[in-house]
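Have a look at the structure that comes next, please.
Per-chain residue numbering starts at 1, and chain names A, B, C, D, E and F are given in the order in which the chains are listed.
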């Protein structure tokens, strides 16, 4: 069960309201790399996890991310506090409010639709979606997803810090950024305490294909590196000559029943395209006599 | 520039049509861990990448994933070929078609809406969204995201293999699963050939907080492990006594201008809740004289 | 700041795994009337709220809803525990797993994509979206939204109870349903302790239109009731004779600058439709000589 | 059946084109609190309603909301009429058009993608989604949802009026705002003419929990009010001591079959995390010798 | 302004309730090819249209599509009427209701979430989205979009007719299908009464490229037809030899300022991948000594 | 199988970075009329197509559209190259970066979230969704959809050309625009080489309704044109007198079983609205004694 202490995990001191900056901050409130996504990623994993250690860790970090959601949401609320009051009480003329609301980014929507409250959207107003959550219920995968997610969140905080000169906000963002580093380290430890963890799952790969690098993009700019060359790799350069890689005919086929064959044949006949015709088309009709020469109908 | 060879990268031999199995397969066509997501993840990273080696690798793998999208889509098309013919030509009675379409999963939608073609949806019919793509334009993050994504795709293929006894499909899925292993290895090599790569970005963490583990979830089930104990960690157990971690007041504050203060005060006054009242409410009105005792209005 | 106690707020005792029932339960985990929506609705309101009493209440209830999310998610995890083990370890033949996964609803996606973990989707697999959250930052509106949301959640729990004969699940659902009743009562008290609270906001309505009922749907079935008749209402039945209600010309107009007028006129001329013609069309071409008489081209 | 009269319900007189203001107005065209959401909420309820009076009222108001959609859409069309002509006819230089389109909000998308037509998006360009519709087919809930929705729409109109000094637009918005007040009154009358209407549905709550207030958020700022104190309430302050509220063990459990137990045990063993290890991790590798001291690997 | 007559445009006589069939029908209520999409496509075009004839036609057909939405929604309501009563009144045992709700497709969600009312979703429960609307504000394009949309709707009705043996439903669907044919004819007439209408817009194409067919997909299966051969076409087969088609270097370049160059160089240096290394990776760590030979670390 | 040549199909020469212009260009990268939508529309059709000629054409054009996606994405990458470097390396002060990022449109999100990489969003940051794809698996429909899609893409390119004065970008956009013209011509040829192609499908329309034009929108502004008048049409003006068009009662009905009837009757009774009452409502309570006269409670 969750309980709540009215103190924030970290104090938030905002120098002055700024709705445009608020809309930037939303990236970590309701954006894909933000705190709700983090909390829900770990919380859903934790609920289904049976390994006692990982379950404990996932609930610890999920709960802390909820507390970070509270911090970043509080920053947004403070940055929007001025416009919230002004708009609801009409404390300015229409023209002043219009200028204020059209200052940029999605700050107008934050004011008009959400009334200055922190909205679960990203910095362009896109509503948060659970499509951001990539948990699949396998620890060797989910921990890798968590490692990657923490690294991404770290960078988005770094970018936000780089565009903010409000020292109180910078301080709180620095704290939040640092916690992502710490969380990444925890998830790394948890991943490598499962042995083996690569490849994930139980099924081994098919032998000839697990060490093959297929050089599908060719031309000036082809580079050799440890990802395609060296003892772990067999590189395939002559693709045209090699496909299909199973030595078959490279086609997709299915065995149909007699009834299915009849129906498929009837469909083919009914919708057959006559490759010998050169039919008059709607575009030909529409081009008209005065159409430019780039689209001649001869 | 892309070009296309009409042969598949791997031959697809489907034993017989099965629209329900087709809907399972859609998970890797238009689902979050599927091939379009993979192709678009690497392709968008590749376009913005300036490092020649990584750019080459990203375009190689993106292109191969498009070829895998073609393979899995071809499997879906074969599995749906029977229902496509039958429905478009009305080769069965209404009752037979109704039974066929209501066989389960989202196969009815595949037939009614998409006409048996492979749709860019997951196995429940949810349309593919770019919200699945987590590229953020930093290689130390994006490579980690790619590593995690490949591991997830490997597992979803393993699950599909486990529920399929069509040997042709199993063979093609085995190939696709194996390539995810190979791709993960490439992305790992690329990540570790950047040094240092942790923490990502340029800003260091704030010193006291990067090594702190906050034990926010307590009670029976608390476990020690390398993710919260040992030389890399300072663990915080007495949370109540420690917050806020900055030693401040734990509140969120902002400095308002005089005008803003006035508006905020007016708003507060206008919407003040009277904590001393015990008002008659809509629920009180609605509970009525015959309402059950669990909701007494005394 | 949030903290977490490993005990659930209410004990969950599930009789046996049942993935189809699990998919039903998802409605209150990641569905629009579910616990995440409730928690986030109150949490986002609470962050922006300045009234001390309402802020306290909103954080109390938001936190409890997170604990309810944990309960319903735990039910889902228990119901899926069998399929999770079977699929990941391939503890059954392909045919058995296929049958198990195609048992209905979105249970196949829960297994294939989410690996049996509780997913933030509704019972048809639709990912949770912040579009479900209707907070707008005005207490007289948001409290009404909360009242309505609690009533809806109560009913969805009632429906789930009606379709479940697992007594442990029924018991936990009964608890969750009851808490929605209690929360609705709290929000009602909070709404009516603001006076006045109707109409919300500061602007009064325009006098002739606030008491007018426009009888736009006419014919057999027109009914008089307190919503359109009685001392509070002026009912408008002769709509055709009355519109526009402002007595103007009922058109939409805008004053264009000279440059704009020129451009608009050029556009009109270029795309003018010739109402005097009877052009040959693509459909005429496509109907062909053998087309049925329902679409004659005469 | 619907029919349409070419006159608007209220005349629209726009002083001059302004694409940024147009994008504000979209909030009530294709936004969550806008007219399409209103029309569809009542229309879908009306279709399923069997109570003659409510059905009539729902169709009346749904139809009027469609007419309001027409009014607000006409305002948008007028505000965009200038940019539509200029862009389609290229009536300005590239630089002038670029400046015009980058004036702010989502006005550039309105021009580039929608060609100046009113789009079913909100003021940030987010497409309308049926996820906004909260109808659940129970009148005691749906009427509460409608009451809340009307109150929200009233406030969004008030905000739009506050930022507009075009008197023709203000006048039309004032009309639309007023109608929301009238509709709220109708829905209130309809709700309270059902007796009893609280709690909704048939199932009563579980007795000890319907009157309990759980004080989950504690610390400085705890407030007593009619929502948690007084004759209707039993307040629970000592949460830790009371959970789980059913007196059980507070765990989630399920009875597995023997086969399921075996599979679950195999999964647990295969993915066990070794809590005694302190493994070298990817982050350790990646931190490198030159890594900062905030992330020491000792 | 819209008004409503309580009679349907076409009588709906449903033989008996069937929630699975109801979920099929939703395809044309809240699906992408359904009646709401049609109504909103034409309505939004009509609002912005200045050509009197087209505006009239668009409003005529938009209004009729709303009436069709009413018909198909009424079919859904009738098909769900049984389950609505049974579930809300608990007129069956839990086991009977469970069986009824798990009968297939998204019928369980329709009952649990929407209470048997017609929901604005497709047949898999995906909420309607304005992303389905492809209006762009150019008549030569929008009329083509409308022609295509009507043809698609015709086919989806045909498919629904093919799977239904309820004669009352078949009759109503036949009417709706026929109206799509009629509407397509209207839009065709409107398109071809604009001359010229191809290519749309004002800008002509670049001469060498408007008649070029690029044969990007090669191999066995290359076919000649009127779309790539004949007097209107120049076909390009030797792609490799011809790209880039402008005769340049085929690269993407941008001129950076000195400051930008410095920053870009610093970024390149910081994130450089060392192509000469063969680093130990996380996968190498994770493969462990017992890893299969398909992923050897040599 | 796809392969990739590192040269672009058309050279991209960008004069200087401009993140706002980059966000405009995203419309054709991840927007509804953009290149991913085009590629995926044709690719999914091609996979399911059995007609050899159409399949070849669809794969040819799908592959070329992927190459166009690469071109437009490269333009975006070049336009964002400056901000990417500056933000990641913090090459400017916070205030300078803040100004740069708040320059307009969704350029701030492109920088903060996507790090300057091309994102699969439209110009307002809305993520690409497969809901944009309208393929339904019938060639007479899908080709019409393709024709319409190409015409729309042509116009969006024309608009982008009109707002850009960078000659390198204009040149590349001109190429892309021209290819849409060529593709439309191919799809037209393919459509008209199927005979007959109208109406699509097998079922004929119902005779009286295929030639009927229903004049549902009446009043000043009714226009006659070839879409509603002339030899192909019977126009219905007296709608009220004619509905329902089948001569029935215009109602929706269903035959319920005895059990269903009982449940429905119980539901009706339980939720009956008392039309004779004039109940005190929540709004009445909330209006308070000081409420304005526009909402009198008499």
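By definition in this document, contacts are C-beta pairs under 8 Å (C-beta built on N, C-alpha and C of every residue); 3 or more make two chains touch, one makes a residue touch a chain.
Everything numeric here is computed off the predicted structure, so don't read it as measured data.
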Listed by label, which chains are in contact with chain C and with chain D?
A, B, E, F
Could you label the chain C-chain F interface same or different, taking same to mean over half of its residue numbers are used by both chains?
same
Sharing over half of the contact pairs with B-C by residue number is what counts; pick that pair out of D-E, A-D or C-D.
A-D
Whole-Å distance, C-alpha centre of chain D to that of chain F, is 22
Whole-Å distance, chain B centre to chain D centre, using C-alpha means?
22
Shared-interface residues of chain E (touching two or more other chains) are 1-9, 32-33, 53, 56, 59-60, 62-64, 67, 74, 77, 84, 88-90, 103-104, 113, 115, 121, 124-127, 129, 131, 136, 138, 140, 147, 155-156, 178, 181, 184-185, 189-193, 195, 198-199, 201-202, 205-206, 210-211, 216-217, 221-226, 232, 240, 243-244, 250, 264, 267, 270, 273, 275, 277-283, 285, 294-295
Looking only at which chains touch which, which shape fits best: line, ring, star, complete or other?
complete
Spell out the residues on chain B that touch chain C in their complex, using ranges where they run on.
20-21, 23-24, 27, 31-33, 104-105, 122-126, 155-156, 159-160, 162-165, 216-222, 239-240, 243-244, 250, 264, 267-268, 270-275, 277-284, 294-295
What residues on chain B touch chain A, complex-wise?
5-17, 32-33, 52-53, 55-57, 59-64, 67, 74-75, 77-79, 81-82, 84-86, 88-89, 91-92, 129, 131-132, 134, 136, 138, 140-141, 144-145, 147-149, 151-152, 154-156, 158, 161, 171, 174-175, 177-179, 181-182, 184-187, 189-190, 193, 198-203, 205-206, 209-217, 221-228, 232, 240, 243-246, 248-257, 259-260, 262-264, 266-267, 270
Quick check on the complex: what are the chain E residues that touch chain A?
140, 191-192, 195-199, 204-207, 210-211, 223-226, 230-232, 273, 275, 277-279, 282-283, 285-288, 290-298
Per the touch rule, the chain D residues reaching chain F in their complex are 1-7, 50-51, 53-54, 87-88, 90, 93-95, 97-98, 101-104, 106, 108-109, 111-113, 115, 121, 124-127, 138-140, 147, 178, 181, 184-185, 188-195, 202
Contact set on chain D toward chain E in their complex:
1-9, 30, 36, 40, 43-45, 47-48, 56, 59-60, 62-64, 66-67, 69-70, 73-74, 76-77, 80, 84, 88-90, 113-121, 127-131, 133, 135-138, 201-202, 279-282, 285
